[in-house]
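Letters A, B, C, D, E and F name the chains as they come in the text, with residue numbers starting at 1 for each one.
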Amino acid sequence: MMRRTRLISSLSLLCLSAFSLAQDKAATPAAPAIDKADQVWVIVAAALVLLMTPGLALFYGGMVRRKNVLSTMLHSFIMLGVVSILWVVAGYSIAFGKSTTGWFGGFEYLFGNGISMKDAYPYTEPLGTVSAGAFMLFQMMFAVITPALISGAIAERMKFSGYVLFTSLWSLVVYAPIACWVWNPGGWLFKKGALDFAGGTVVHLASGVSALVICIVLGKRKSVVNNEPILPNNLTTTLLGAGLLWFGWIGFNAGSALGMGDLAVNAFAVTHLAAAAGMIGWLVCEKIRHGKATALGAASGLVAGLVGITPASGFVGLPESMLIGVLAGVICCLAVNLKNKLGYDDSLDVVGVHGVGGMLGAILTGVLASGKINPAVDTALKDNGGRGGLILTQLIAVVTVAAFAMVGTFVILQITKLITGIRATPEEEQLGLDLAHHGEAGYNL
Amino acid sequence: MVKVEAIIRPQVLEAVQEALDVLNISGMTVLDVRGMGKQKGVTHTYRGSTYTLSLSAKTKIELVVHDEELEEVISAIQKAAQTGEIGDGKIFVTPVLQAIRIRTGERGDTSLH
Amino acid sequence: MVKVEAIIRPQVLEAVQEALDVLNISGMTVLDVRGMGKQKGVTHTYRGSTYTLSLSAKTKIELVVHDEELEEVISAIQKAAQTGEIGDGKIFVTPVLQAIRIRTGERGDTSLH
Amino acid sequence: MVKVEAIIRPQVLEAVQEALDVLNISGMTVLDVRGMGKQKGVTHTYRGSTYTLSLSAKTKIELVVHDEELEEVISAIQKAAQTGEIGDGKIFVTPVLQAIRIRTGERGDTSLH
Amino acid sequence: MMRRTRLISSLSLLCLSAFSLAQDKAATPAAPAIDKADQVWVIVAAALVLLMTPGLALFYGGMVRRKNVLSTMLHSFIMLGVVSILWVVAGYSIAFGKSTTGWFGGFEYLFGNGISMKDAYPYTEPLGTVSAGAFMLFQMMFAVITPALISGAIAERMKFSGYVLFTSLWSLVVYAPIACWVWNPGGWLFKKGALDFAGGTVVHLASGVSALVICIVLGKRKSVVNNEPILPNNLTTTLLGAGLLWFGWIGFNAGSALGMGDLAVNAFAVTHLAAAAGMIGWLVCEKIRHGKATALGAASGLVAGLVGITPASGFVGLPESMLIGVLAGVICCLAVNLKNKLGYDDSLDVVGVHGVGGMLGAILTGVLASGKINPAVDTALKDNGGRGGLILTQLIAVVTVAAFAMVGTFVILQITKLITGIRATPEEEQLGLDLAHHGEAGYNL
Amino acid sequence: MMRRTRLISSLSLLCLSAFSLAQDKAATPAAPAIDKADQVWVIVAAALVLLMTPGLALFYGGMVRRKNVLSTMLHSFIMLGVVSILWVVAGYSIAFGKSTTGWFGGFEYLFGNGISMKDAYPYTEPLGTVSAGAFMLFQMMFAVITPALISGAIAERMKFSGYVLFTSLWSLVVYAPIACWVWNPGGWLFKKGALDFAGGTVVHLASGVSALVICIVLGKRKSVVNNEPILPNNLTTTLLGAGLLWFGWIGFNAGSALGMGDLAVNAFAVTHLAAAAGMIGWLVCEKIRHGKATALGAASGLVAGLVGITPASGFVGLPESMLIGVLAGVICCLAVNLKNKLGYDDSLDVVGVHGVGGMLGAILTGVLASGKINPAVDTALKDNGGRGGLILTQLIAVVTVAAFAMVGTFVILQITKLITGIRATPEEEQLGLDLAHHGEAGYNL
């Protein structure tokens, strides 16, 4: 998100020019003060992204069988508890502390130390117009939802304690470093000129490929092995979740402009259109392949469109966004059937939607990013020696992020296996994780 | 006393109730069930996978009646529940040894209505 | 004609259906029930209070069959539904006096399948 | 062996379970049903329209017992389920020809408890 | 929404005066630059209105029978997909392109062309303080929800493909022109001085009367003909939907100020009070008539209050808003029983709530609008030759909008009938549209 | 909320200095004009708090038995209707009219009279930067949710008409005066230097102790007396409600800064961390005590954390917030079992969570408040003669608020008993309040 900051800040400077003209001595271009309106937007955006995690809980929760609905929802909710704390304790520092290596940040912000509520995050040039505290909060919400996304892959069979331990480690050891690479002004991918406006690689690709590893390591659900029909317990819940995700995603993408200007407005517009196009793409695809347009397809398609546009949302215009959306909708609709062919049990299709959609978005960002929308693209094109170079850089980002996340996930899983174990017992799986792990039933109707 | 158990389509329940009302038969117990038979099942789609559930939603009614009421009850139910399409359901008649009204402890024929 | 009522675990329903299919028995009615027996109940927690519900989720199937089919039906169900753990359930056989197909009004043995 | 079917008020289920426990009877199957009888129905409102649903929520319990247990079971249920108000429900007794425990394949009287 | 812009802009100018004083040369009154705070508000308001469509999906979805819950929710969700795209492709241009005739806009914005993310929408005088992109997004959300409102009338029996085709055409051929008439600075009703702050005619009246036509053309549900009891599957869902609608409606009405000033704050206040009064009005009405205050009555009443205040929300003060709310609550509570008398099957009472409530609001706006709240009312009163003239203009607006929407709906329905058909088969209706059209059940509990 | 205003305004002045410098003659420090960005934030925050009441309806609604779900949700929804109106008619004036006595406000704002949409609330010094209208709306949402909180204690057995009458009186006679004491610049506790940033005493303590009185006066539910198992009908609803509460609480606490600056950002951060820590605290506590971490525990714990941080959210930093959160989570987890020991039937644990949590928060605010976060704390320390004095003042605030609320509740209940009655009949309780009082069932699935 830093890359765009450069731009935003300069835009802000332009916007402020009317006033600046009057303030003759505001000549030192160094530090545009905190802009209250920008900060209102970022704070509101952070709240919107906060709401995405309950939204995800509903989206996923509606899709599992009745006996696992609470367990699945808790997978998301518990991240709001655990990762929020971990982020302040260490994650933020690893991701956004001063990075000399380019691979991880520093240790200056451990335990929330030194995060200013008044001054901007200090390592961007020029400085941003919102306080470091607001920036840290906005980033926190991303850190919270990313491991929650993975949980869709392991629904209905993972041990709760193992899930908590795994995601805690993953958040610090996989997520925070990748966030550093891509968004820390000292990160190696950031410096290389890789473009990822709101998290195509950091959030979606990383969670999608980690999901693939974890569902292979965990093995299939008993009921999948036995070919029992698995039907979603409550698709109205899933639709509500999808609606809240769409709402929150406006904050996710347009908030990533870290201020309120043309970039933010454009990001809202392209995000919305991609979601719309993704919904249509998926519905048409399944209508052709299976004969029926479904409610779950509408919900899945809009999420696929949102995933696809995420890295591009600060770099493309309206027509490109519809293209990205429709491609993401169609390709993810096809990709969710891969698991049947390849034989892994990705309960709620995290790989097919977030892995595939994130990869697609990252590559299409390289192809479609335009300097007309965001001057930062011109810089990136120059740094990378043209369009081909930019696409190559995007591919490098995809490959390294995917490789690191997969290896990291595998290693953390082995550790988790030793400490808490990772898989529910067959009896627990049979009874349902809600009663087995949490002593509760979702519904007593 | 015999027990009449009829498996019918959910949507004809009202009509059956009315038909029984005419016979002045008001005691009855209703259950939501799922039925399998000649009627073909419904296909559910889930992200590209399809499952054909062979069970259709049915309603089961159970009523214990005096032996002499049996025939008119059967024919009332059969007429009210018939649509002529496959899946209309069945009526089964089974013996009952005893009936007790919980409220009063009465036994036998008088406990029914 | 007799009625076979089996209380089985919900998860074996599919297997039982398949086993009956092999016998060419397709008519059947299924109910969601709760059962109490030797199997111990499940504990629910509610803000520190715990309730052990003695009832476990079970599925009941009811099928009326010809007398001569009875034994093979019983054994098909029993095999398909058996896990060997406490809580596998029971099969009960009860007499049926009459059967009527609502769609056609047919009575007796031919009304079954 | 006979089958006792009792239609009771949902709220007395616990009490009935306890009464049967005293008799050392633990096997039982419970169903959620709706009942129609003398008890008057409940009125639902929907934007100014009202529907009186003649069916009240009831619970049905089914238990197969040895012939010699029948009387004490009936009286235990009747006492525990009685409130004295209209709608307390009925107990029906029906014959059972055979019982099989799925887990072991045992038949007859020993398969019950 | 343009009418008030005049005012807002001048207010903004006043507000900005502190700064303007310093900027001595900002004398040319032409273009007050984009105001970041105004834009934050409009963008947030757009997000709030976006959430109303999922809210509506829940509100309606809870009221139908279990077997049609997904179908009903999809009616709303699919509008987020289809109309969003259509709006950018053509609808916005038809509604807000330069209008010379007064009946429709222009073609300059087709395919999203030329919608600036930096500069204001160009045809208001003086210019607004938010970018054209933000304005287009805000308006898009209105275009999305309006046809979704209609769907309540045809729930449980319309063919899905017919619904999509119908609403697509309706959005372009009925909605966009009416939006032009009322809100385009060149629109004939706008010029005539008709007052509609946030859509009493454009949104509620248009959808309400279209609903009447469509439910007459479609005919009654089989189960209504057979007098079967039809009970809502899940009123908790309906209550949640009503809550989200209330929340989103703050953006709908207060966002229609297109900036953050006294008009927006006032609009929030009157909107909230009208919802509150509408709830109470409906509950008291049904308590008296039917003996019981219901949860569905509370939900319906608050929506009725919100519908009633919509056109007036920029023109009346606190006491008037309570009056409008309570009248809307009581009158809509009575109006929903019309269908039984007149014999049409308006499944979820779109006519009784949005049609009647929208008409009521439009007329009461004429009666109660006050120059003390909004100087634009003084202009409108002058233009119309006093209060009587203003009320007459409001009546003209009501009649022309209603007539156009009814005829348009009827014609589009005939076309739709030819191409896709409009009614589900009796078997589909019996099985439920969820399984019949979408191959899914809402709940597998 | 006034106390902090002093500070905020001075901060705003500082922030504005860049511009102020240019505006040489803006020298009179008297009235900083309305700041649009501040007002956007407060308006958005008011909308967020508005959403909390539907959120509470869901949170509570999911926990009761199926037959009372609508009745319980209505307890919250009806407050949005009744209290909103009452607040404008009289409550606001009682709470925030000019207070000479320190015990209640004035009568100048009766019927919404004289609440300016343009100028700031007049009695703070210096004046705030948002309009009185925005301030009144923000406060209204607090007034709405507070009596709704109480409703959890009487769920499943109170008469609907009695509930409406009781809460109406309570809102005017208990809530509005307490709000005056603590937040009105003329209030006696405000003047005494008691610290309550967002309502630890006014909202949570007052509702919590009133809940205790009302559930004792009402008596136990029949099914509690009979020891029947009472299981929540739908915990997915409760989780959704908890998610919406968390989202809205950002507005509740960070909005209480009444503008966008470091205080608001800090309040967001500490609120979020306390919720996270509260969730973890409760889950660990119940895991140790009962062997399982539950979904309801996660939901309850986050709410407990939010309750605990509420009074402190403008006065403490990140580490303190985690401490407060975890303490609130653990202590409330223990406190909800008190009712079994002491024998009152607090259906949904309002006493254990809001009463105990509110008290805890108020006291911890005295202990942990820091001048580094908010200079107002330095003033409060000085006014109270040091830390010990401040803690004493906090204790006085707790005791007087609790005593007044308890007595007030008791008296109002006696009046209500005479006029409408307060308890549902045993038959109604047996059938369920939804059908008995409202003629509806929550679910017809």
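The rule is simple: a residue touches a chain if its C-beta (ideal position, glycine included) is under 8 Å from a C-beta of that chain, and two chains touch if they have at least 3 such contacts.
From a predicted model like this one, the values you see are computed outputs, not experimental measurements.
Colleague: Using the touch definition from the top, list the chains contacting both chain B and chain E.
Modeller: Chains touching both chain B and chain E: A, D.
Colleague: How many links in the shortest chain of touching chains run from chain A to chain D?
Modeller: 2
Colleague: Please decide if copies chain E and chain F contact each other with the same set of residue positions, more than half shared, or with different positions, and reply same or different.
Modeller: The interface is built from different residue numbers on each side, given that under half of them are used by both copies.
Colleague: Comparing D-E against D-F, which pair counts more contacting C-beta pairs?
Modeller: Between D-E and D-F, contacts are more numerous in D-E.
Colleague: What pair in A-C, D-E or C-F shares over half of its contact pairs, by residue number, with B-E?
Modeller: From the options A-C, D-E or C-F, the copy of B-E is A-C.
Colleague: Return the distance between the CA-based centres of chain B and chain D, expressed in whole Å.
Modeller: Distance between chain centres, rounded to whole Å: 18 Å.
Colleague: Just the number, please: Cα centre separation of chain A and chain B in whole Å.
Modeller: Inter-chain centre distance comes to 53 Å.
Colleague: Please output the residue numbers of chain D that touch at least 2 other chains, ranges allowed.
Modeller: 31, 44-46, 50, 94-95
Colleague: In chain A, which residues are in touch with two or more of the other chains?
Modeller: Within chain A, the residues that touch at least two other chains are 19, 22, 36-37, 40, 44, 229, 231-232, 234, 240, 290, 292, 294, 296, 438-441, 443, 445.
Colleague: Kindly provide every pair of chains that touch.
Modeller: Going through each pair of chains, those in contact are A-B, A-C, A-E, A-F, B-C, B-D, B-E, C-D, C-F, D-E, D-F, E-F.
Colleague: Could you please specify the touching residues of chain D with respect to chain F in the complex?
Modeller: Going through chain D, the ones touching chain F are 11, 14, 42-46, 50.
Colleague: Write out the stretch or stretches of chain E touching chain F in their complex.
Modeller: 15, 18-19, 21-22, 35-38, 40-41, 44, 48, 65-66, 231-236, 239-240, 242-244, 246-247, 250-251, 254, 260-266, 268-269, 272-273, 275-277, 279-280, 283, 290-296, 298-299, 301-302, 317-319, 322, 443, 445
Colleague: Under the touch definition given earlier, write down the residues of chain D that touch chain C in their complex.
Modeller: 3, 17, 26-31, 64, 94-103, 105, 111-112
Colleague: Within the complex, which stretch of chain E touches chain A?
Modeller: Listed in rising order, the residues are 19, 22-23, 25-26, 33-34, 36-37, 39-40, 43-44, 46-47, 50-51, 53-55, 57-58, 61, 69-70, 73-74, 77-78, 80-82, 84-85, 88, 111-112, 115, 117-118, 131, 133-134, 136-137, 140, 160, 234, 237, 240, 434, 437-445.
Colleague: Hey, which residues of chain C end up touching chain F in the complex?
Modeller: Those residues of chain C that touch chain F are 44-51, 53.
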